[in-house]
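Order of writing sets the chain letters: A, B and C. Residues in each chain are counted from 1.
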Amino acid sequence: MLKITLTKDHWKAYCLLVPSLIVFVLFMFWPFIYTIYLSFFDWNMVKPTKEFVGFANYKDILSDPITYKVFGNTIFYIVLLLLINLFVPYIFAFVLDVVLKRFKNFYKGALFLPSVISLVVGSILFTWLLNPVSGPAAIILGWFGIEMPIWSKMDGWVIVVLSVITSWKVFGYNFIVLYASINGVPREVIEAARLDNVPLWKIFIHIILPMSSATGIYVLIITIVQGLQYVFTPIKVITQGGPNYASSNAIYQAYHEAFVLYRTGHSAALSILTMLIFIILLILEFKFVERGIHYEN
Amino acid sequence: MKLFVKMCSVLTIILLLVACGNSSSAANGKDGKTVIEYWHVNAETQGGKTVEELVNSFNEQSDSVEVVAKYNPDMYKGLMQNLQAEAASGKSPAVVQVGWSFLDYFSNNFSYVEPQEVIDQHFSDDESFLKDNFLPNVMDLAKNSDGSQVGIPYSLSTPVLYINKDMLKEAGLNENGPKTWEEVREFSKVIKEKTGKYGFYMQEPADNWATQALLESNGARMLTDGQASFASKDGIEAYQLLTDMVVEDETALHVPWDQGVQSFIDGNVAMAYTTIARRSQIQENVQFNAAAVTSPAWEGKEKRLPAGGAMLAITAQEEDQQKAAWEFMKYLYSVESMAKWTEGTGYVPPRKDVAEAEDGLKDFLAENEMMQAAIDQMDGVVPWTSFPGDAGLEAEQKMLDIRDEILGGKVDVKEGLTSTEEEINTLLKK
Amino acid sequence: MKTNRFASIPWHILFIGLIIILIFPIIFAIGTSFKPLQDAYNNVLNFIPISPTLENYQTFFESLDVVKITFNTFIIAATVTLFKVFTSFLAAYAFVFFHFKGKNILYFVLISTIFIPFSVTMIPNYLVISDLGLADSVWGVILPQLADAVGIFLLRQSMKTIPVSLIEVARLDNLGHARIMKDIVLPLVKPAVTSTGIWFFILSWNEYVWPVLILKTVDNYTLPLALQMYISSEGGTNFTVAMAVAVITMIIPLTLYLLFQRYIIGTFTSSGIK
């Protein structure tokens, strides 16, 4: 890349970064370094004395089967969230843009609606709607003789339902962003392919996907990162990580260790481990995915 | 270029403006009153209105103290969380509500003054206020394991059994509800057979309050000499009954708290074992004949019901703040305020004589019969066990984890409780 | 194309099904907010109230200064959004159009903050805010949120699609960076700016964990905090009032979206660049 003419004024670049950096240093890096520091201590957040324990917290965390359960859940959440909030809206956005002619504006507006609602509201709402005995869903299923599973107490099910609740909020925004991106793909390319009778799925894979991949990556990242933070709310409101950690994820578990059990050191160590894993993911993303992205001009 | 520099500096200026504009906000109250903060957990459904009323009327009648109430969401855990942040910043509110299960954690980690100490120092007239107005066993609830009187009991709740009389009648059962846990199981079976509905729900929040009531009433003890001891024969027997109802009979519902109460209110469950604090929610929303009866006992055994709720502790550090804190607390513990508090929250008054006093609760109790069940069983009240030491909260969590496992039918009661007891005891030894 | 008309029918059905699933909870919430609580418990299926009542709204308006609270929420969300977009824009511009020492490392370090869970930053941040004397003020809520790595990431992604030659030409014409940002880059990345802006606004509008810690007096509350006042594990949740608060909370972002829907979708699609 040619940026020769731009390289002589380094200081300006730093200057542009200063506003962000001030905020980050104060409110992100300092807490983060403090967390690394805390992860080597046994402390309960308020005691005047912290006891240095070296890597004991990490050892505890890594030898605790709950940690692996929680990381397993985290992966399950990520897979589900990606499926519901990247894969499905991608296809729906494609269909809406390329296949459908009518009701487009209505669909766009209606699908976006839930994204403006807070997940606290969503969680309370779904606690009612999905009450396995008294909720409308259970009653309607009852008409067909189906008994609703007591999802909040069942392994697996609980993650599925909490992911669905979270997706209810996330879906619309992702959909609109993906739709806009697909809509920006030049019409001539698509029309030409259609005239040649190229099947839709091929158009999707060979034209749409590569040409909207920058947005696709955006949605991918935001779904993973924000998705996990988002799931936190329904977990906290509905299950508190239960039954027996079956619905806990890495972020909730860090909260649980810090503010329910007051094991600050464990919480810190867990957060650091979680970050390490994510950073590895990020490096992979840089190495393999971004290289292949098509930035259309 | 000029434009560029401008853009860079605009942000800094705005930031400065923001910072300056705020630093002027005054910390001292109007008219030289001492301003103190009172931290509570009372949402609007749990007496939030009453807190506001009490604080306002206190502020009106006091010339020297101004109270600012701060609501903390997420109950006592949420309050502790905010208190940590506040303590870390070197400040503290003057009066806080401390949930019973946080008694040890709070007293080990935060600085507080015993109320009697403040009274002795500044209010010689009130010297015997606590002794005169509180029963010793009630005051003991707020003593930590070292015997320090951390605070004064303020909100007292006990678990009662709410029953759907119409449904019991429909199933041909005694409308006045079961008296023993054995009967609870029998009743539930009949209800399931006759109506197809669930018979029973026991509250499942993130604590072991109701579990303790069930187990200890059967003769088990959560703790004996600082060691976990719930996996005794009696403890296992008690837990087995609940598990059988959920897993084997399928007559008891196993869902989160809000859902369970919802299902009781709309008539899908005949009996619900939960706190008296839920009284107004249940009483105001049921469309059937509902009643609250005293907690079931075990055949031939004495009931032991852990007290729920909170105490008020003084966390003020400065002398004038501490003085103000007691003035406010004394107001809260007056018969009239206590009566208002009970009416607004459904808690049982911890102070003597409130229930009978003319300006107290007489009329209220006549109108709200459900309250009677909670008041009647006050003699069976014992402290809510908090596992001692630094690992106490972790031990508490282990009890919750095993509850999910047992009621989920994944482990056998005996095996589950025994192994959890061992785990907890290794923890406590550390 | 004639095959299209029939081929599209199953898709329409799918879309409508999806919309029903997504919208039903909202309709249920709105309906419930007009029901007496007793009715909500006992007739869950009638989500349209039989005898509608305003009592839930009344309860809310009587116990709190709703206008003030809505205003607080708006100030916080709007300020946070504007600043986040602004600081992210500057940073993204630096990362895309400048070469400087430590660029990649700096970018990487900034971006990795995305993965710092809030439980890590909460207490240390409170200490900073409290030292600045900003506890119990909306500015205390705003301050730690003036920059956001997600924003930098998104805008950088978007700016990377701008041909560098375009900027070079502008530089040769002696245009300052501020002018380039305003007249060349901004119009080209408007869709990304809009979408991140909306994202930040919604995020901030509904936030409650951090404001709960900072805000103390009821007059400084935000709407999501007001909602928390009707939720209690021990006393039970007042479902209908909570839904009334929820409806009020969703009104502003929803109106904003409906008003600007065309514009929003328009900015996404008008330029050839996403």
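Definition applied: a contact is a pair of C-beta atoms (placed from the backbone, for glycine too) under 8 Å apart; a residue touches a chain by one contact, two chains touch by 3 or more.
Since we're looking at a predicted model, the values are computed, not measured.
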Most distant chain from chain C, judged by the mean position of its C-alpha atoms: B
Contact-richer chain pair [A-B vs A-C]: A-C
Computed distance of Cα centres, chain B from chain A, in Å: 35
Distance from chain C to chain A - Cα centre to Cα centre, in angstrom: 15
For chain C, residues contacting two or more additional chains: 44, 86-87, 90, 122-123, 143, 146, 177, 208, 228, 231, 237
Contacts with two or more other chains, residues of chain A listed in rising order: 12, 16, 19, 45, 128, 134, 259
Chain B: positions in contact with at least two other chains: 4, 11, 81, 84, 88, 206, 258, 262, 266
Of all residues in chain A, those that touch chain C in their complex: 1-3, 5-7, 9-10, 12-14, 16-17, 19-20, 22-24, 26-32, 34-35, 45, 92, 95-96, 99-103, 105, 107-122, 124-126, 128-129, 134-136, 139, 168, 171-173, 176-177, 179-181, 183-184, 186, 194, 212, 214-215, 217-218, 221-222, 225-226, 229, 250-251, 254-255, 258-259, 267-268, 271, 274-275, 278-279, 282, 295-297
Of chain A, residues touching chain B in the complex: 12, 15-16, 18-19, 44-47, 127-128, 131-134, 150, 152-154, 238-240, 242-246, 259-263
Complex interface listing, chain C residues touching chain A: 1, 4, 7-8, 11-12, 14-15, 18-19, 22-23, 25-26, 28-29, 44-45, 47, 86-88, 90-91, 93-94, 97-101, 103, 106, 108, 110-125, 128, 143-147, 149-150, 152-154, 157-158, 160-161, 163-165, 167-168, 171-172, 177, 191, 195, 198-199, 202, 205-206, 208, 224, 227-228, 231, 237, 239, 242-243, 246, 249-250, 253-254, 257-258, 261, 264-265, 268-269, 271-274
For the chain B and chain A complex, residues of the former touching the latter: 4, 8, 11-12, 77, 80-81, 84, 87-88, 105, 108-110, 198, 206, 253-256, 258-259, 262-263, 266, 268-269, 390, 393-394, 397, 400-402, 404-405, 407-408
Sites on chain B touched by chain C in the complex: 1-4, 6-7, 11, 15, 18-19, 21-23, 25, 37, 41-49, 52, 68, 70-75, 78, 81-82, 84-86, 88-89, 91, 157, 205-206, 257-258, 261-262, 265-267, 275, 277-278, 280-281, 284-287, 308, 345-346
